[in-house]
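Presented below are the structures under discussion, each in the form of structure tokens.
The two complexes that follow have chain A in common; it is paired with chain B in the first and with chain C in the second.
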Partner chain A sequence: MRDVETRPKKYGWIVILALLLASLPLITAFSLLILSSFSTHMVTDLSPGSLHPTLENWINLFHGKIATTGGIRVNIWRIALNTLIVALGVSGVVTGISALAGYSLSRIDFKGRKSMMVLLLLLHAFPGVALIVGVYLLYRLTFPVNTTFVGLYSFVYVILARAALEIPMSTWLMKGFFDTIPWEFEWSGIIDGASRITVWRKIMLPLIKPGILAVALFSFLAGWQDIIYVRTFLIDPTLATFIEANIEAEYSHMPLIAAAGTFYLLPTIIFFVTAQQILLQGYSGGIKG
Partner chain B sequence: MDRRKLRELSFFLSPMLLMVFLFYLIPLVMTVYISMTRMRNWNVERYLTDFVGLYNYHRLFYMFQHDPTFKAVIMTTIIFVGITLIINVFGGLALALATFFIDEKSASFYRLLWLLPRMSPIAVYSLVWYYFFHGSEIGTLNSFLMHLGLISQPIPWGQIVPWGAWSVIIFVNGLVGVSFGMVVFTSALNQIPKELVIAARVDGASSWQISRRILIPMMRWHLLYVLTWQFLSLLTTYPHLFLLVEWDLVNRDYGTTLALYVFNTAFGRGEQDQGLAAAAAVILSVIGIIGGFVTLKVLKFERMMKKPRGDF
Partner chain C sequence: MVRITLENITKKFGDFTALRDINLEIEDKEFMALLGPSGSGKSTLLYTIAGIYRPTRGRIYFDGRDVTNVPPKDRNVGLVFQNWALYPHMTVFENIAFPLELRKAPKDEIERKVREVAEMLRIEHLLDRHPWQLSGGQQQRVAIARALIKEPDVLLLDEPLSNLDALLRLEVRAELKRLQKELGITAVYVTHDQAEALAMADRIAVIRDGVILQVGTPDEVYYKPRCRFVGGFLGNPPMNFVEAEVEDGNLIVYGNRIPVPAHYRGIIEKLGVKEVLLGFRPHDAEIVRGRGEGLVGTVYSFEPLGREQIVTVSINGAMVKVFAPEGEHFSFGEEVTIKLHEDRVVLFDRKTEKALEFLSG
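Right, the complex of A and B next:
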């Protein structure tokens, strides 16, 4: 809902100006990062003199030449692919599991349903760090002896462990989306004797496509932005651990790290431009009862 | 419950329950167990069965009384959670109300902008503020102030203890947290009947009066929800602090909250002490669980859980 038309126009501008002022540090900080990636030196303020335009950082980044001197080489595409695998994995696991659980919490009445919903809410508030110590011990105890599977195992494990963090909230979100579908849609199917599983797959899933998209997008971003879990469990580097390691390295060239950061930020920006409504609405969906 | 319903239920629920079992229940039991062993440097073979009872809890208590580093961590946790919570709740409220009173297009723009800190990769977000608060003249803040002539030497902001370090971590995390309040309050505002605002406008009320007398009183539940939920999340999350400390942007002792202390003690550089970390994690979990239950009771969440429609 928007405010009504009777308000005086000029006050709107004051509010917009105040918002702009409050947002200034945020806008400045992010734009300086992006500008610096196109400059030979770090751009420290918005005065035109401090920008020395160049594409060198990006070229060096894509060739994996991360040091200004010497021959240190990395495969940035491989690192980006690792990040993408984790993000897609988390997204797939979270979306699938919460679409299943959300349906039954929304539509089927069973003993323990209420306590299960309370449990999910509590798990959402549960301290992740308390878990990660235990999750790591489980990882160590189940670590494969055969070294050929070690890399694969660490990918599977980090995806499942990170997905587990998102599942309580996503299940609630998905339940909220199922709640908005009128009951009559499944009615005909159930009257005809179809099982709930068939009804879920054939009737309900196509109806909540927007919900599935929202949950998939949110969990993708959760997997994409993660640093704690990938640095703890994943053997291969991701963009997050690449940036973490290179800030401190003696040889690192700051504008090149800025380029790496901008590169890492790209999917987020793309989603911001293309999926605004999903981002703004999806967040509020999870808190309704 | 007949057999068919049971089969259907297990189809829908078992993947979720399996994940909860594997990644919440087992780890919780394991954390409690590790907290009673001498586990260090993840030397599982040697220390997994080295049972020491409540020794690690005694150590924590002793450190709480005598170790200045640990005292700094506790102090930082209290200040950080307290001030960031206030910023998050009132900042979120201010953003929601401000975007409520402007046109739809600008409102969407600002809401998206303020979602950016939460949605950005954590490493990039930390990198942005690393440049901003950097202690040398390449730091944006130092550069600005030197241009204006307010300071002649670059200031290492995060290394000024305690308030310099505290200000940086509160600022950086405050910006992440406000979006939660903003989104919750915005969806609450959208549910308030439009007639109330129209009637007040016709009577000549200003935006400020409408906010104070109508909108905020109607959002009491949501205020409480944001307050309690954000409290728990600030107490227990640490990803947005981790790199700031790791990169030495902020002082180690006064930039570390209890949750980050647990993580660094278990996984950080140098000597790792998982027994001690697990004991601190268990204390955090107990606070988290109690806080969670209190929240649910205060907010009366159960009343909102209706029976599913039309099920038989």
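Right, the complex of A and C next:
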């Protein structure tokens, strides 16, 4: 990490302190959640007495026993898989479409390009919840009659609907990445005999790897974290809807839900810890000269 | 190996006219330099030949074949960019092989050709590296190799040396010229460096504001500039320009009277011009100490350059630069006389700034 060396570093710690204070409520909440998942009772304050350490919650979670009493069992892996399918689906659709659309908006001079970019920004400004009535109407209209496809259909639908919310911003992001690539790379490819799609695939995509990675990660997390669309359209539960449904259920054991919540947080934590390096460093080859 | 004909090429970007009615013939196997200041349209012209830009008006022919609407890949041109545009995610081998891979050439043929061209450019030991592991000179060779591998009919170069340091530039300059002749390939070379153009090209087209001002051999554009701009753009230091008036067979130059050069007498008589610009190159004159026949002035400054020195002389206020041998020692304010090599003098019309011999025609 380098910085201009003219800035006095003396007050750096004040900034850090302020940031720490501002994020204190969040840090506390997450700590309580994670601690509770390892405790027999919910940890509601930070006094050491309220923590009764146990691994039981995690064991029960992975055994599918979501209640301490009663015989209700769920397969948490199945639910996690559902979540993963939605998240990967959203990520794949968003990355693919925005990589193509971002390239077009950055490099191809077609009619309506300017207005399309404005429209994309406008679309991004709309909250997804506001659209849900219309999206639901479409869902009902296209709902399959044959019940064997209902599960599959609800997955495809929720992935497409959720991806549609992410695409405007991701496309803008991708366009920004494509904009930074000098035209010469593209011209060079075209003169050497490549079609636009070959140029896109073989020259441009490798050059904007960090952009692709960023979009893929953010849309993955969007899919992973989504609750409203999943709750509305998906017939099978995901981690989000599972936790939500069990918070209010009478039979639920809260520390176990905390374990489920912590489990649900894992990808987010992992991605931000591992990917921040990649996101910050950019393409190591760089564009020199 | 193709002859390029540009016919009335005009290129507009919106309201801005980048090229205006360009007519140019580039002969087979010729090394043509497009020389001009930045923003003159020389790169635009190059990209128009390559097919990246489509001319707004006009036609382009390769050996009589109209290629105006032919896409770049079917023109069989090789292009070396100013920033070389080497793909950073590919190795040197992959970079050079890329044009052949796009043509779906067989693997062993690609391998053989890449080695061949790499050997020719002496980069065969770098094939496994990535572009960012190479020095500027090496990257440049890779870019040239990539342009040459598909055996193009035309080699287009867009200021390929401008990212190299001065010494390396001189070296590559000589090599590139040699390479072009050995391959016998038609080359178009864009540059803003007049020394590069003079050193390398068979012919030079001087461009300014999207118009070709003059096309000719380096000798022609250097010694017989058609207009003041060409004279001032080529040469280092550039041509001197001094205002002069014609008075019965003589030129009055800031109080000095010298005879009209022999090759201009007829033209001046015919045109009847009275006010001209006297142009001469710094090495086409001699400095003599003291007052004599010629342009009398005082030494304003002098800059020793090793083998020779540039002496700036003030002729009653008009500054001119003249080369003098290294041994001479001048002092500030010293009175000197400049004796022009009469046959090398160029006279320009003061209004149009065109050389008089081109004004009549």
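Here is the rule we use: the second predicted complex is superposed on the first by the 262 of 289 C-alpha atoms of A that agree within 3 Å, B and C clash if a C-alpha of one lies under 4 Å from a C-alpha of the other, contacts with A are read in each partner's own complex, and residues count from 1 in each chain.
Basically, a residue touches a chain if its C-beta (ideal position, glycine included) is under 8 Å from a C-beta of that chain, and two chains touch if they have at least 3 such contacts.
Keep in mind that what you see is a predicted model, and the values were worked out from it rather than measured.
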Partner with the higher number of touched chain A residues, chain C or chain B: B
Which of chain B and chain C A:P53 touches, first, second, both or neither: neither
Partner chain(s) touched by A:W187 [first = chain B, second = chain C, both, neither]: both
On chain A, positions contacted by chain B and by chain C: 187, 283, 287-289
Chain B-touching residues of chain A, taken from the complex the two chains share: 1-4, 6-7, 11-12, 15-16, 18-19, 23, 25-30, 32-33, 36, 42, 44-45, 47, 96-98, 100-101, 103-104, 106-111, 114, 116-119, 121-123, 125-138, 140-141, 160-161, 163-165, 167, 171, 183, 187, 195-197, 200, 221, 224-228, 232, 239-240, 243-244, 247-248, 254, 257-258, 261-262, 264-265, 268, 271-272, 276, 279-280, 283-284, 287-289
Parts of chain B lying in touch with chain A, wherever the complex brings them together: 1, 4-5, 8-9, 11-13, 15-16, 19-20, 22-24, 26-31, 34, 42, 44, 95, 98-104, 106-108, 110-117, 119-124, 127-132, 137-140, 143-144, 147, 175, 183-184, 186-187, 189-190, 192, 194, 197-198, 201-202, 207, 225, 229, 232-233, 235-239, 242-243, 246-247, 259-260, 262-263, 266-267, 274, 277-278, 281-282, 284-285, 288-289, 291-293, 295-296, 301-302, 304-311
Chain C contact footprint on chain A (complex, rising order): 182, 184-185, 187-194, 198, 202-203, 206-207, 283, 285-289
Residues of chain C that touch chain A when the two form their complex: 47, 50-52, 71-73, 77-79, 81-85, 87-89, 98-99, 102-103, 130-132, 136, 139, 146, 150, 163
